[in-house]
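In what comes next, subunit A is part of two complexes: it sits with subunit B in the first one and with subunit C in the second one.
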Partner chain A sequence: MSGNEHVLDVRDLSVSFRTARGKVRALRHVDINVPRNKIVGIVGESGCGKSTLINTVLRLLAPNAVIEDGSEVIFQGDDVLKMSNSQLTDLRGQRISMVFQDPMTALNPVISIGTQMTDILYRQKIPMAQKRKRAADMLAQVGIPDAVRRLDDHPHQFSGGMRQRICIAMALMMNPSLLIADEPTTALDVTLEAQIIHLMKELREEFECSMLFVSHNLGLIAELCDEVIVMYAGEVVEQGEVHDLFHRAQHPYTRMLLECDPARIEETRQELPTISGSVPDLIDLPKGCIFSPRCPHRYEPCNESPPDHYAVSDQHSARCFLVRDGR
Partner chain B sequence: MADNIITVKDLRVRFRTAGLVKSLIKRIDDPFIDAVMKVSFSLGRGETFGLVGESGSGKTTLGRAIIGLVKAQEGSIEFNGKELVGLKDGQFRDIRRNIAMMFQDPVASLSPRKNVRASITEPFRIHNMGVANLGEEARRLLDLVGLHQGFMAAYPHQLSGGQARRVGVARALALEPKLIIADEPTAGLDVSVQGEILNLMNRLQRELGLSYLIITHNLPVVRHVSDKLAIMYLGRFVEQGSTKEIFERPAHPYTLGLLAAVPEPDPDKRRDKLELQGEIPSLMRRPSGCEFHTRCPFVQKKCLEVAPKYEEVAPGHWASCHFPFPDPANAKAVPKGAMTGDGYIPHVDGHTIEAGNKRQRF
Partner chain C sequence: MTAAIETTEAGAPIKREPRFSWLWQLLRDPLGCFGLILVLLIVLAAAGADILSPYDYKALDIKARLAPPSFEHLLGTDNLGRDTFSRILHGGRIALYVALVSVGGSLVLGLILGMLAGYGPRWLDNLLMLLFDAVRAFPVIMFALAVITVVGPSLETIIFVVIVTSVPGYARITRAATLSLKNTEFILAERSLGAGTVRVMVSHLLPNLIAPLLILASMDIPVVITIEAGLSFLGLGVKPPTPSWGSILNDGYSFIRNTPWLVIAGGIPLIITTLGFTFLGEAMRDVFDPKMKKDR
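Our next item is the complex of A and B:
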């Protein structure tokens, strides 16, 4: 069992969607892992496959999705892809839980949050009063003042930041081994975003749970994560320890992404850097490197075959011929 | 002033709350909330003004008041030499030829049942402009915003966020307005696309001589596009000045907090710096004294009692704070406990003040 080091091991995962136009190859040969008690950040732009990846881990894919042969998603020693429906019910919300993007749509507007929180504990045969106490404790822990009284309030009575705190509390109710956070702060103001990130850092110490943090905000990833995975058009293009990745980025895509971030550009300028071109069509893939059509450093091998993952250091690899050839 | 496209003076927008929350009215004599409180600014031709604040600070309401989507009760808005406050709905129609608005969500602000061509030529129909060749106009507009002609027949659900945003820009440009109010033009877009949209807006400004009012909570974005900046809190400007000046020498603790809240894409710069605690208070219960005192890490006794004046701290740089920072070095000199602040209780002259994290219910 590999469960001692890695909570989650995704091996050679390929996912496609059947469409009228043909097969959309949304994920191709993705290898990632989440070590115990670490926060792994996935960064990438819209359409890079972030959501498909986490939906595969929770087996929440649309019916037209095809998981290609040879794919494995090992969670604590069990292959999620081979689980039966009842095993999946056991997995979701209990062993893996999730915090979604928009806290308003994630909560049921007509049920009090106390009921929504105690409902999660349906598997446990303990008295309601005790469940409510658990819920109130949990709310207090995520920084909701006067938690006992607020259990009977409905989602609309809370502000946006408070709602996201509630979602985090709900996700942690069952003490999961893995928490997946899918852009948990995009719906919030910067000040609340900072507070939520601060909260997640605190909770991580307390609950000892591993986290998969998905975001397109590089600042947040740098702030929170231990390891970073950069995805582009359905592939992992670079992965590594957070300092390595931000200070010694190797893949041209990662470098350009870092350059683009308005938060990184200190001086006022009229023309901001961009990545020219657009994301390739995932039905008809280019023969060589997936990023080559937009890459300023493209040279001969890039057009011929897709690059492998080449190690930059022990904990850092990039899928780029520049690394292999030391250019 | 003749060279200003728009001059706003002491503008006040109030919303009636009666009938909405009955129980609250029983306790409040005045069934109004002030969404925008006595705000003044001016914007020169070809300039960009950034309006920054958290949700609930009144920045969108101010933008909507200028284009007449909500009625301003007091003060004046002078646009191109014409007074807008007090105009009837019908009279606003002509004004809206010259002021265009780009709404917040790029995809949701387009009608899902209209294709791109219909969406961007709709302004001509609304304003009864007898355009001989609508197709020609649509092609011109798409060209202007750098979209391929093939998008003409596409529907909003077929567009990416950045493409939908470009369509929004094309639609705003249709009637050749002089002023564009852009509400969160980059929210929800990927970083590389954000740059593209801002570059596009900058280029159009140079080519067409547009003026922009940009409403956002994203400080790094306004830094690159706006000449002047105002920070709003609870409907008031708490700081105003040139963008450069505000970024280099923020005077108000709220501005400092907003700047510190932007995470830097560098793992070595993880923060233990100032973090604004709590959330924006309800407009129905404005705090006494300085309205920011409930969240201010530098709160003093005076702040609870006396509202600070909105004063010039440097030429052209205004702020309302009893203890403005003349330079950033001052902010760094503040004790560390005040910066991290969880449950931090400042002691001032033997009084205990409960700061931040107070329960807020709306």
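Our next item is the complex of A and C:
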């Protein structure tokens, strides 16, 4: 695989937040890449750094965030971390755009959909009528009926599912090379979830863009993504192609995550399985493997030093001594 | 399947709101309608003062000094024999001019400063808030008296005083609203789609802020008119030949033993304006505030 095939290359990314208690090391040495025309899923529990990761890619981090030296976020050959503000404004919305979790709050309530959509095209010097036509086309494409007339409606006149479609249409207005979706279906009900996922699959064919899809719903990831990255407490613990990962999960965390998915439980039982313990304190990190305090398979090396990424196969690696030692 | 579900949803007849539906809602509210009529009356009277007034407001009619209302002088005359009705009309012009300029000025300034404080860096916020609190700590009339003593009485001084004292109010409200909007997801979404700081502030924050501020402004207009009348009453407002409701009241006060008509003529427009703008403001708040909406 050569570097050009990747739309996004995140190399050795570490991000910390300065807080009153000390430095919260939210991301540590994250290496991921998004190949062209692929959908990459990121899974992990709350607080594992998924949102920090995508906000770093767009440079929309909170002011107290520090990106550690040596980090690189290469998007189509340019380092996002070295960009000036005006370069970033160019990047956002045109080359990378984002769909947010809650469509109920992601649209400006007092401005009509048409205005919000044409506003994204402010960088293009084309007549307003043409911009509106493009907006209407996009709305039609994401399945909003009667698109032309609905351009003058305000967000509160749409249902949740339609709003998320509008958000997706807005994100695709400038035909970006990378679409980041931050749990785009979490706020929707299950039938809408399926529709949105279906829509995203269709659009990906049509617009030929890569996607970074964040979710904690394993079923969705399995359905939609080509590659999966499992994150835990600010580290990538396992990554690989979707089939490998779901059928030959190596890291104990991934396995436990899969066991906890209610859709995959086969025998009847009273209680849902959980992973006991909670995400470690990111200010004061354990010396060894980050997952060792919660890991049922931990043995001597786990407490000594953090494990490296060990290859399981060509495309599949896990950050666990079990893989190294072949246990 | 997708299309079917969404069409029934959207296919149901959507009630289109006519463009000026808010105006109808305003007119349906009896108090709002009343307020609007009063405000229109005042504005038309002030705007058409030159045409409507039967006499020159400076012309003296010495023989008919302190005359009671008659068909010749609709509201009587003052101590110099000037026609009170003409003076009230022209006084309304002054009152509205002061009110509109100073409320408009403080609205714009307050909006800009408040947005800067809310959206800008922390130090700027702290600095501006310190400044606002300092200004708000002055009593308005005391501050006005101090400024007038230094600069001398004039229309511009009144406007200046009103702007300085009411900017902090607008700015505080704008700042609070900006702070709560700043962290909403839609602002983040706009930034993620490539909106720069200025664009976020002007085309996304502003429309969210403007409605409550306009209502506040409409309710502030009578306050400003009373300040102007009050200062003119004290002889610190507009200079004599120019008529003002406040100075007419003052004349009436001096000659209350001779005739009650000057006080009545000076007082009634003040009452009408205050009531009109307050009713209008409250009705507008009910119409525009989605939380107050009952049946829509």
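Assume the second predicted complex is superposed on the first by the 322 of 327 C-alpha atoms of A that agree within 3 Å, B and C clash if a C-alpha of one lies under 4 Å from a C-alpha of the other, contacts with A are read in each partner's own complex, and residues count from 1 in each chain.
The rule is short, and it goes like this: a contact is a pair of C-beta atoms (placed from the backbone, for glycine too) under 8 Å apart; a residue touches a chain by one contact, two chains touch by 3 or more.
For clarity, every value in this text was computed on a predicted model and none was experimentally measured.
Asks: Scan A:Q94 for contacts with subunit B and subunit C and give back first, second, both or neither.
Replies: It touches subunit C, and subunit B stays clear.
Asks: So, does A:C167 touch the first partner subunit B, the second partner subunit C, both, or neither?
Replies: In the superposition, A:C167 touches subunit C alone.
Asks: Should A:Y310 be classified as contacting the first partner (subunit B), the second (subunit C), both, or neither?
Replies: In the superposed model, A:Y310 contacts neither subunit B nor subunit C.
Asks: Between subunit B and subunit C, whom does A:A263 touch in the aligned arrangement: first, second, both, or neither?
Replies: Once the two structures are laid over each other on A, A:A263 reaches subunit B alone.
Asks: Which of the two partners, first being subunit B and second being subunit C, lies in contact with A:Q157: first, second, both, or neither?
Replies: both
Asks: First (subunit B), second (subunit C), both or neither: which does A:G219 touch?
Replies: Touch partner of A:G219: subunit B, not subunit C.
Asks: Mind working out whether A:L60 is in touch with subunit B, subunit C, both or neither, as first, second, both or neither?
Replies: In the superposed model, A:L60 contacts subunit C only, not subunit B.
Asks: Counting only touches as set out at the top, which of subunit B and subunit C does A:L107 meet: first, second, both, neither?
Replies: In the superposition, A:L107 touches subunit C alone.
Asks: Quick one: is A:P145 in contact with subunit B, with subunit C, with both, or with neither? Answer first, second, both or neither.
Replies: A:P145 sits against subunit B and subunit C alike.
Asks: Which subunit A residues are contacted by subunit C in one complex and by subunit B in the other?
Replies: 143, 145-146, 157, 159, 161-162, 191, 195, 198
Asks: For the complex, give me every residue of subunit B touching subunit A.
Replies: It is residues 54-55, 160-161, 188, 190-196, 198-199, 202, 217-221, 223-224, 243-244, 257-258, 260-271, 275-277, 279, 357-362 of subunit B that touch subunit A.
Asks: Can you tell me which positions in subunit A touch subunit C when the two form their complex?
Replies: Subunit A reaches subunit C through residues 58, 60, 85-86, 89-94, 97-98, 100-102, 105-111, 119-120, 122-123, 143-146, 150, 153, 157, 159, 161-162, 167, 170-171, 173-174, 191, 195, 198-199.
Asks: Once bound in the complex, which stretches of subunit C touch subunit A?
Replies: 1-3, 5-7, 9-11, 14, 184-186, 188-196, 199, 203-204, 207-208, 211
Asks: Hey, which residues of subunit A end up touching subunit B in the complex?
Replies: So the residues of subunit A in touch with subunit B come to 45-47, 143, 145-146, 157, 159-162, 186, 189-195, 197-198, 216-223, 242-243, 246-247, 256-258, 260-265, 268-275.
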